[in-house]
Every structure is written in structure tokens, then in C-alpha cells.
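Letters A, B and C name the chains as they come in the text, with residue numbers starting at 1 for each one.
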């Protein structure tokens, strides 16, 4: 589904990412972990086109994505969330989801005028469904900036889902969350996958990563240093040295994962 | 052959004059760039404040018949003071991340100062004292106007004075720290507001020199030059690359030299149009300025 | 009476000018170049009615189209620069336009006189309304038809998804791209629409004033253009209208006794307003509170 070949990004002399090869299969929940500055966020930004790559290729469902702007990649089916939440703070929750109705079906199914100036019944139903899924059903008219932190995270997740993506990139979605919220998030991610969305999860919170992912790649200093199932990665010597250290033994799967 | 030679001398002469006068643009550009570097903001009042300083200097000349040197000094000091007032009125109390509000406030101050000048002078141009305006250095077929050479020398001295303060004093260290890492500087105990205020005063002093030198080179001070000088200063800043002092110097000289070329071929009415076109050429082909090292901050 | 009608016309025209900046500001673009598009509209419409002797309506629409075409062209290089660089680029554009008209001389004989733009002497005798016997009331109605049409169109856009998209781009470009919005298309469209609206305003201005010259279109006019939506806030088109009425009607007219000192007060007012209310007199929060208070908080 997603194939990165020799993907590199240099900022001046700094090699944020150096020759990354990665294959994510359809229907996977794929984890991407590594210490701070190891190139995880850079990888996400390269996949969705925020940065141009220094070298290498990004293939999505067999199509070369290099040079395509973010909005084109979204319509091809790549959606994302941000490490530090980026909502439209002065738009309402409802408008945040309305703006995001840009999946390829939306673009082709409606005419120009209804798409930009109308709100069809189907769109309204779709947004109501997203709000319901995000437990934000009663908050539709609230400004996004008035939401609590957890609600903002859920809204951003829903906004990414609004594009009906085939691949969802989650950039540290559990940062700053409580145990219970992380468990909820784990369930949301799994439900998303079960509805046919492939997930690439960049995360520091090991409970979440070890609990939900099926494959994990570990980055360090812009290189991939390990790859395998959560169990394999946890046993990997290089990984333990580079990153997991003692915290690996403390981590346990999230509730409801079994 | 003779005609060609004559024309060649004319053109190179006019370019040379332009380069000398361009030093004042460089100074204005440095001032804009300095403030941009420190706060990431455009101080639209800057050129107007510089000319206001020159007007205060001129007042000293008219009232107590001060010598030209004193006039220049008073101009610089007055402009530094105006810089401080502008900082307090338009930047100090507006949230640091609100660029729009600070920009608007400084435009408001631009018109405020402009109107004060218009009212104080009835909108008419006033004679400004120059130095060495009766000197003409002969260099073969070329002549170098003494007053322009003086203007150039003062501007160069002003630039070096600024660089000395920035790179050799503790004050300059703080200024540079704030411009590079606002938060880190704060954590090191640097008072950001004080440092910003100092930057405005420094830029103001420099602007006062630029304002009085502009007036000295032209021989008159007129409210008609406020907005054009603002725009030329902005052009120099952008061509030099926002935040780059060497860029502003190079761009100031470039604009000064080229503007006289445009003047020579197209006349005074069309001159500024071509300077503006020069900006668009840079925006399209070198949006980060001459040296292309500008940081992307907006 | 006709003096007050003149003021009502001026308020309408300045509302158009303010709205042309409003559209851009929704997408987070600050342009100090609206005076340039206004000038293009004014000179184009004047040339079309005076030299080509077109009726006012086609001349006005053509002038707006010409202004929007230049706005479209400016939109592309302007995309490469953001924030403060865009401010500088648009000031430069506006000054370029002003200097172009300062140098433009296009005189054609009409009977025993010459008409058309006469560079430094300005463009006189744009006498379509007078020549066709329009009354001051009719001219005022004509101006306000366009003001109402533009306001209605923008108000409607604002409540639609297109409006939300414009605002989304203004709030966070990266997030907007990431939910599939084509930044280039949105920003250039806003720029073009802004040019069109400023063009209408300029065309109306030239014909109501019957005389324009390059000094009409200075940075001061461009500052007025952005001051209206900033003071009126970006939550609704009506804010811009209120700001125009306040500045042109109350402030400029009310301070007539101050004579030439009015511009100083204008400068001070901007400084004070920005210090006290940096995000505009009506920001989104204030607007929502107000809407709730009067029970207008609809679903969209």
C-alpha cells in the first residue's frame, strides 16, 4: 500500500532522514518509533508532502507521489493528524469537519456549486456521524478552541477521518493523554482499521504502540535500525540500546487489546 | 567615439553618484532589517521617524543656528527618541504573535508623524544644511561631489558603529540572543522588552543619520519624501533578504546605483517605477534576497 | 442635500474597498495593494466611458474584470511570499500602479477639447453621469446596488462551505492543506475576487468624483482599505460597513471642525485600537457571544 524507497531528507547539513526503506501493507496497523529527533515526524511530513524529499521515492497504492502537493495526496487517500494539535481554532467543531469534506468521492460526486456553497443532506449526515463517533455530538456549535484537550484530539482524529482516507498517519496521538484516554484511543484506532483504513502510528507512548500495532519499524538518527512484530522489536538488542532501555519491560498492552 | 566616451563617462559618473547616495538607503534598510531580526516585525514608521529626527535637527539649525555637525547629531538623537516612543506606542503592549496589530499600529504612527510634519512645515520643503557641498574632487574625467562623499563616509561610519555595538558589546550580545532564540534568551535572564527597546533606539539613531544624510545630499527636507523613503527602505530590506545586514548594505547600494541609471535613461517621473520592478524581479527569482540566507519568519 | 448624498456614495464606495481587503484577510493575506486595484478600476472605467464612450454598466464590469485580472496575476508571485513580505510586495505593486498612471497620458480630441488621462494633471471630465442627466439620488442608488450585491454575495459565501474554507486557510495553512484544500487555488481566488470588488469600487469612484489623479491612490487609501475590516472585525461583512460608517461618517465628518488635523486623529485612533483590541474590535469570540445573546447561533 505504502512503499518508501531510499527516502532521505536533509536540512542543510543535518540528515533528518537517511535512506529509509519501508513497506506498509494494506490493513496493517504499523508502528513507527524511535527516540526524539530520529526522523519520525520527518517521515510523516514526507509521506504527506509537507516537505520535498532530498532523495528517494514515495509510492502509494502503486502511484509515485513525489512532487505532489499535500491536497493531492489527501485526495489520493493519505490523511494525517498533527503532533501538536492543529485545528481551525476559530471555526466551530461542525465547520472543522465541513471544511474537511475533500475525499475524492466528495470532489467527483458533487457539482461545483453544491460542493462549495451548499450543504447537502448527505454531507450533514456524514458530519453528524463523525461527531457521534468522536463523542462530540453535542459540541457541534462550539468553537474548536473552546474544547478540552482530549476533545480537540478527538476532533482532529475525526477531521482526518472525514476525508475517508485509505491510509491514516497519526503523529503522536497519545501525547499528553491520560491512561483512560489512551485506552479509548487504542479502541478508536482499531475500529478505524476494521473499517478498512491502514494506519501508520508514530508514537512515544509504548503502551499504545505495543498494544495496537502488528508491525513496528524503529528509527534512530534517520536510519531504520529494526523491524518486526512488537515482541521481536522489544527483544531486539539494538533497539533496547538505542531507545527502549528499561522502559520496555515496564510497558504492557493497552486494555481491551486481547 | 568621442560621443560614446562622453556618454560612458556620464553613465559611470551617475552610477557612482548613485552608489554614494545609496548608502542612505542601506542605512534605512539596515534599520528595518534590525527590527525585523529582533522582533520578526515590520516597523512601518521607521523611515518617517528617521525624517522626523532630521526635522528636529533642522529646528536646531533654524533656532540656534547650530553648525551642520550638531544638526546631524541632534537628528540622530531625536530619531532614537522617536524610535523608543514608536516602540512603546506600537509594539511593547501588543501581543508578540499578533503581527497584524503591530503592523497596523505602526502604519497609524507613520501617518501620525507624516501629518505632524506636514502641519509643522505647511507642507513646503525646507533647506537642509550640508557639509563639503562646495568641494568637488577631480579624478580624471570624473568628479566626486564632496557632500555625497561625506554622506557616504558618515553612513559607512554609522554602519560600522552599529556592527561594533552588535558584535562587540554585551548589549549587542543580548540583542542577537533575543533575535535568534527569544525564549532561551528569556530563560538566561535577558529582559526581552528592554532589549527590544534598545534595538529600536539603535535603529532610530541609525535612521536619524540616514534621514539627515538624505536631506543633506538632496539639500532639502520635504514631507513628500516620507512615503517614498519608506517604500524604498522596504524594497532594500526585501532585496537584501529580511533580517540580513550585509544584504541590506548591498541592496542599498544596488538600488542607489540602479536608480540613477533609470534616472539617466528614463527620467525622474519613471525612475521609481523601475525600482519597484526591480523588487518584483527579486521576489520572483530570489525571494530570499541577494544572499539568500534569510530565515523564513512570518 | 446633495452633499450628504455624496457622503452616502463615498461610504458605499469605501465599503467596497474595505470588502475587497476583507476577502483576502479571511484567507490570512494582508494586502496593502487594494488601492492599486481600485486605481485600475477607476482609470479603466473612466477610459471606457470617456474615450470609448461605453455606457456605465459594461464599462464598470469590464473595469472590474481588468482589475481582477491584475489581481490574479499578482496572486501567483504573491503566493511565494507570506505575511510581512506580502505586505511589502503589495505596497510595491500599488505604488507601481500609481506611478504608471502618474505617467499615463492618453488624450483624444472630443469636439474642440481633448479628453483622457493627462499624466500629472490627472484624469478630468469623467462626466458620464452628468452627461446623461442622472440625479444625485439615482447615482447614490446605483452605487448602493453594487454595495448590496457584493455584501449579499460575501455574506452568503461566508455562511457556506466556501467561507469556512477561506477562514480555514486563514487560520492554519498547513492544517488546511492537510485536509485537502488547494492553497494556491483558494488564495488566488480570494485575490482575484478582492481585485474585482476593488475594481467596482474604483469604477464607481471615478464616475462619482468625475476626476481622479495618482494622488488619490496612495498608501493612505490602501491603509483605509485594511483598516475597515480590521476595526470592524472579520466575523461578518457588516463589521466592515459599520467601520466605514464610523470612520468616514462619524470620524471624518464629525471631526470636520478639526480641518486638516483629521488624519492625525485617524493615525492615533489606529494606534489606540490596536493596543486595546489587537485582534480587531469584533473578533470571532466576541461575535459568537453576541450571536448567542441575540439567539442567532445557527447550525452553520
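Following the convention adopted for this analysis, a residue touches a chain if its C-beta (ideal position, glycine included) is under 8 Å from a C-beta of that chain, and two chains touch if they have at least 3 such contacts.
This structure is a prediction, so every number in the text was calculated from the model and none was measured.
Distances from each chain's CA mean to the overall CA mean are smallest for chain C. The interface carrying the most C-beta pairs in contact is the one between chains B-C. The greatest centre-to-centre distance from subunit B, using averaged C-alpha positions, is reached by A.
Note: centroid distance subunit A to subunit B, computed from Cα atoms, is 49 Å.
For the pair subunit A and subunit C, the distance between C-alpha centroids works out to 42 Å. Separating the centre of subunit B from that of subunit C, both taken as means of CA atoms, is a distance of 31 Å. Here subunit C touches subunit B in the complex through residues 30, 77, 80-85, 87-89, 91-93, 95-96, 99-100, 102-103, 119-120, 218-220, 223, 226-227, 230, 260-261, 263-264, 266-271, 274-275, 278-279, going by the rule given at the top. Residues 48, 50, 69-71, 74-75, 79-80, 82, 86-91, 94-96, 98-103, 115-119, 140-141, 143, 159-160, 162-163 of subunit A are the ones that touch subunit C when the two sit in their complex. In the complex of the two chains, the subunit C residues touching subunit A come out as 156-157, 160-162, 164-165, 167-168, 171-172, 174-183, 283-285, 288, 297, 299-300. Those residues of subunit B lying in contact with subunit C across their complex are 36, 41-42, 89-90, 93-95, 98-105, 107-113, 115-116, 118-119, 227, 230-231, 234-235, 237-238, 242, 269-270, 272-273, 276-277, 279-280, 283-284, 287, 298.
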